[in-house]
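Look for chain A in each of the two complexes below; its partner is chain B in the first and chain C in the second.
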Partner chain A sequence: MKNKQHSKPRLLWLQSISCNGNAHSFLNHPDLFSILSHFELVYHPILETKHTLQDILKCETECDILIIEGSLKEKGLMKAGVEVSSVIKHYASIATHIISAGTCATFGGMFKQYDPEHITGFCFDGEVQTTRYEQYAQKLISLPGCPIHPKWLGFVLMMIVQNRPIAKDSLHRPLELYAPTVHTGCARNEYFEWKVDTEGFGLKEGCLFYELGCQGPYTHGSCNKILWNDISSKTIAGTPCFGCTEPDFPKTTLFETETRMGIPATMPLGIPRRAYLTVTGVVKSFRIKRFEERLISYDD
Partner chain B sequence: MMIKKLIEKIEGEAELDFTLQKGIVEDVRIRFGFYRGIEEILVGKAPRDALVITPRVCGICNHAHLLAAVSALENGYENAGIAVALSSKARYIREFTLACELIQNHMKWFYMTILPQLERLTQSENGENHALKASYLSGVITKALAIFAGQWPHSSYAVPGGVTCDPTYIDVMQAATLVDESIRFFEQVVIGMALEEYMQIDAVGNLHEVKGDLGNVLYLLGTHGIAEYGKSHDRFIAFAEGLGMQSGKSIATTVSKIDVRYVQEWVQEKSMAKAVSYKDRMYETGPLARAMVNKIPIIKSLHKRYKDAVLTRVFARVHEGVMLLSYAKEVLQKLDLSEPSCTLESRLLADTFEGTGVVEAARGSLIHKIKVEDKKISHYDIIVPTQWNLSAGTDQEKGVAIKAMIGAKSMEEASFLFRTFDVCSVCTTQ
Partner chain C sequence: MKIADKKALKRESIIQTALQLFSTNGFHKTTIPDIAAKLGMSVGNLYNYFSSKDLLAQEIIRYTSEVLGEKIKEVNMLDVSAEEKVHKIVEIYFSMAKEKPEMIEYFLRVYLSNREVFSDGCEGMVCVSGFITEIMIFFDDAVSSGELRNQDFFSAFGLFMGYLGGMVFLKGEGVLPKDIACYIDDISRNIYYALKA
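Right, the complex of A and B next:
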């Protein structure tokens, strides 16, 4: 991607209603500065930049790629006397690419719950398109996740630099990152296959889908393929997936699985209930001794 | 004359309204913009949802919020008659991950706030990319955290009764290696000397031995006459025990016991941040407070000479990072993996309860109070460290940071003093 005057695309990171978690998540990217070397960083909420926030609020700065962090409120979020939503819309209109970084900017996320009628994502309100969608959809890339996975943002930025087409789903999430479910690559897959429930928190054995609320089998994202902090993931650490990349995050009663007749109420992505029941009936009719034992015992 | 100034890149933004008299700062009003309503969002939710929701208060100290939330739930269980009895394994793992988050925070503050701002103030910029160092160290130490917690930011791996992870000795060994790598970074880059030698320094007279970037900061503070600025009430408070430290309050040379029940919180005019006091008095919280309460020799020595001035405050935060690295290493060595990770069963065990959880977060004491009725959260209260340090004060006395800024010779100088408190706007406007 080239611009007449600028050899490097100008990258602008703006925050709306946010916790800073996406900015801090990206700061942990091991190749952060080599990625950033491909851009001219116009403004960032933590990193040193050429411009101050005051400069940016004047809406006079050029920008090619806009990263939005945080949920949007049309009126009422002011910075230095300026309405933040109008600043974001201005830069969104001149940018060639808009990245909604994290679930708040994409769907409204956590902070939407305080004022669900007025707080939304930039182009989506949950999974419903906002009035902004029409105008900006063509250049929108959604990178939900609470927070954003640093590697996913790094990949997308590099794809933009290299002018690669990015295939997306209907919510504008890149397929290469969001087509798999969080379940893909989970270290507990074997227990899921054989429908072996975990006996509680703090065990490496057993699946978290049946009782402990894990949403991995129906949540889009590659957390177990591209690991967190290059080393782990929620489910590897025994924590259920809370579905943080999805438009309805956060739901409630997150550490319990809602069941219907003893079977999880929400099926793995795309699996008909009948198919699930059939498979479950078959595998549950076998008793597999290995799954009844601990993998490692440190007792002696 | 009144001048408004937007302070940015401090974990969000704050607006300072300065009253100046012949260029000298006479008074300051601190304003935070937008309230995000986390306490309200929690009402009506299942109690353990707090373990997912409260970390989202803050992108940089999310882990402390998780641990405060789980402590509040556990305290509530205990109050409802359910014995929690954490295994020492769970306790040590929580201590380890909390220590990692504090180290991450302190180094980001040092390299991304203090060093660049101090260089600007003293016109000694050399074009070095300090953020690269912060990012490297943060990446290493949060990786160690994620071995147990699954990820950083926004883990929810602490649950009533323990932790969700079930580490192996290979995991523990990897975490220890990452702590060693962080120590190597401190030795070669931050303090410019061996950790063992550094830990021997217990008096101001030996501080010149410190080299590296910390040595440079001490030099800049000293040679530009800033070191003795920023004095405040000289009163300190730390509510939580842990990380090898005791709780208490410190006034002059006396350290005494405290009780969370004497904490008062009130709404301030024209600010979305609530103020807080202890028995109607203002206290500073954070690394300097923890060091004073725990009588850390080098900090006591600095305090004797500089009181609660900038030099003491800045040094205390970096020094705590060094102490926590040693502590994190010790904790890993104590882990006995044959103990259970979680001692309570996974179902919710009490329908109605009230509990309080206190944790020492990077910026000081963090308090969560939960009230549960009929399996739903009916009330949730979060008191964050920045509320202590940045409140407007009472009729009787100014807030801690405000008092520190009064008398500064310029707004730039005052803004620097403000940043030495490691301000977190996002926490304050939860």
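Right, the complex of A and C next:
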């Protein structure tokens, strides 16, 4: 990973078509500087680094770990007169690890919507492998999320530093982070089990799956195991999971559950429809008084 | 035959005999000794299988729901249009009303008319989920393929099953001038046109 002159792996953070969201999100890591102390930060779009962007665009800098942020466009995205995709390809070929940080860099994400035919992720276009895949797959780690969870990136960087193996799924997402669904650990699971809908956004009570579009039961991610800002998550706060770690993100109706005759169009991950409907029909037959009440009653 | 298999067979014969008697003579007028006598078994032995008449009644509704659900499941597995499926489901329901009238009669005249018997153990959809699940799958597939209009489940379910139940009830009352099978085509068409996209 590093040559003898460099005691620390060299980390390069490059942006393509990006909103800066992932770079900003990583700044929220409480141990950011402790993590970064294990690396030589070659370039980062926000933090002060040894090299400038102009230096990097010359493609003469060494790097061990490449973090890519943003969607890719093969031609037409220039920075200082240089085609960004060619710069990324150069560093991708010399790096020992490539991390696609965020959904745009991984699958195309939000920016893909602008020009779905030409804008993609680095190695995936949605869930389809791009032509780059074969060349870089061996060293690719996908960290989708809109934005990326700072602790997921911190985890992967530290695993790399410690030279520990990272088990991945078929889209190269680390299983440790993406094997569970966002539903796992959700504070509303009791309401899901008993099929009790929430009555609105932001309430403590009720499940967001039935009416308000929550994609937690079929979205891979550990948002409810590794909380955001160490405090909360979308679903805990009362906003539906938008499925932002998946190749088909973003869908169009994020606050509405698509149903067919009242039946959710997408089943919880791996659950056969017949099994789900049987359980739902039975469970919905019971009224549990505790779940019909507010958790906290405030006197007027 | 293993003892467990023998017991399962006996259990089913109790269910079928009780189903017959409850449907014909009414739930309250049928006693456990009546059922035991018809089966040629002792009352005590029958209690080994079902500890109360209410539990037996609940098991029967589960059983009939499963039987009907299995038949609709076969329809759901077919690669045919929703219109054809509606026709097949109506056919199944009316054939059952004709050939095994006790099953539908039990649902209409025992299950729906003696709710207190089913209030503890058969709440809501608990004992009829085998049947309801398959109807849900039929609707889901038909909306997904664009053949039926998307709407609330119960508004569609009520139209479909309420209609069929009503016709079988009229048959049971002996007021239908024609054999119930004569109504299959018209009723299937009515249901399909009412629900289609």
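Just so it is clear, the second predicted complex is superposed on the first by the 296 of 300 C-alpha atoms of A that agree within 3 Å, B and C clash if a C-alpha of one lies under 4 Å from a C-alpha of the other, contacts with A are read in each partner's own complex, and residues count from 1 in each chain.
To be clear about the criterion, contacts are C-beta pairs under 8 Å (C-beta built on N, C-alpha and C of every residue); 3 or more make two chains touch, one makes a residue touch a chain.
Here the structure is a predicted model, which is why all the values come from computation and not from measurement.
Once the two complexes are overlaid on the shared chain, A:Gly281 sits against chain C while remaining clear of chain B. Contacts of A:Arg290 after superposition: neither chain B nor chain C is touched.
In the superposed model, A:Lys225 lies in contact with neither chain B nor chain C. Using the contact criterion defined above for the overlaid structures, shared-chain residue A:Arg164 touches neither chain B nor chain C, since it reaches no partner. By the touch criterion stated above, A:Asp115 is placed in contact with chain B alone, chain C being left untouched.
Look at A:Gly262: by the touch rule set out above, it reaches chain C but stays clear of chain B. If you count the residues of chain A touched by chain B and by chain C, you find the higher number for B. When the two structures are aligned on the shared chain, A:Ala237 is found in touch with chain B, with no touch to chain C.
Per the touch definition, chain A reaches chain C in the complex via residues 259-263, 265, 273-274, 277-278, 281-282, 284-286.
Chain contact summary for the complex, chain A toward chain B: residues 15, 17-25, 27-30, 32-33, 45-48, 52-54, 76-80, 110-111, 113-115, 146-147, 200-204, 211-212, 223, 228-239, 242, 244, 250, 252-256, 296-299.
The residues of chain C lying in touch with chain A in their complex are 123-126, 129-130, 132-133, 136-137, 139-140, 143-144, 148, 150-154, 156.
Residues 4, 6, 8-9, 11-13, 15, 33-34, 36-38, 40-41, 44-46, 48-49, 51-53, 56-60, 62, 90, 108, 112, 116, 129, 131-132, 134-135, 138-139, 142-143, 145-157, 159, 161-166, 168, 174, 336-338, 340-342, 345-348, 426 of chain B touch chain A in their complex.
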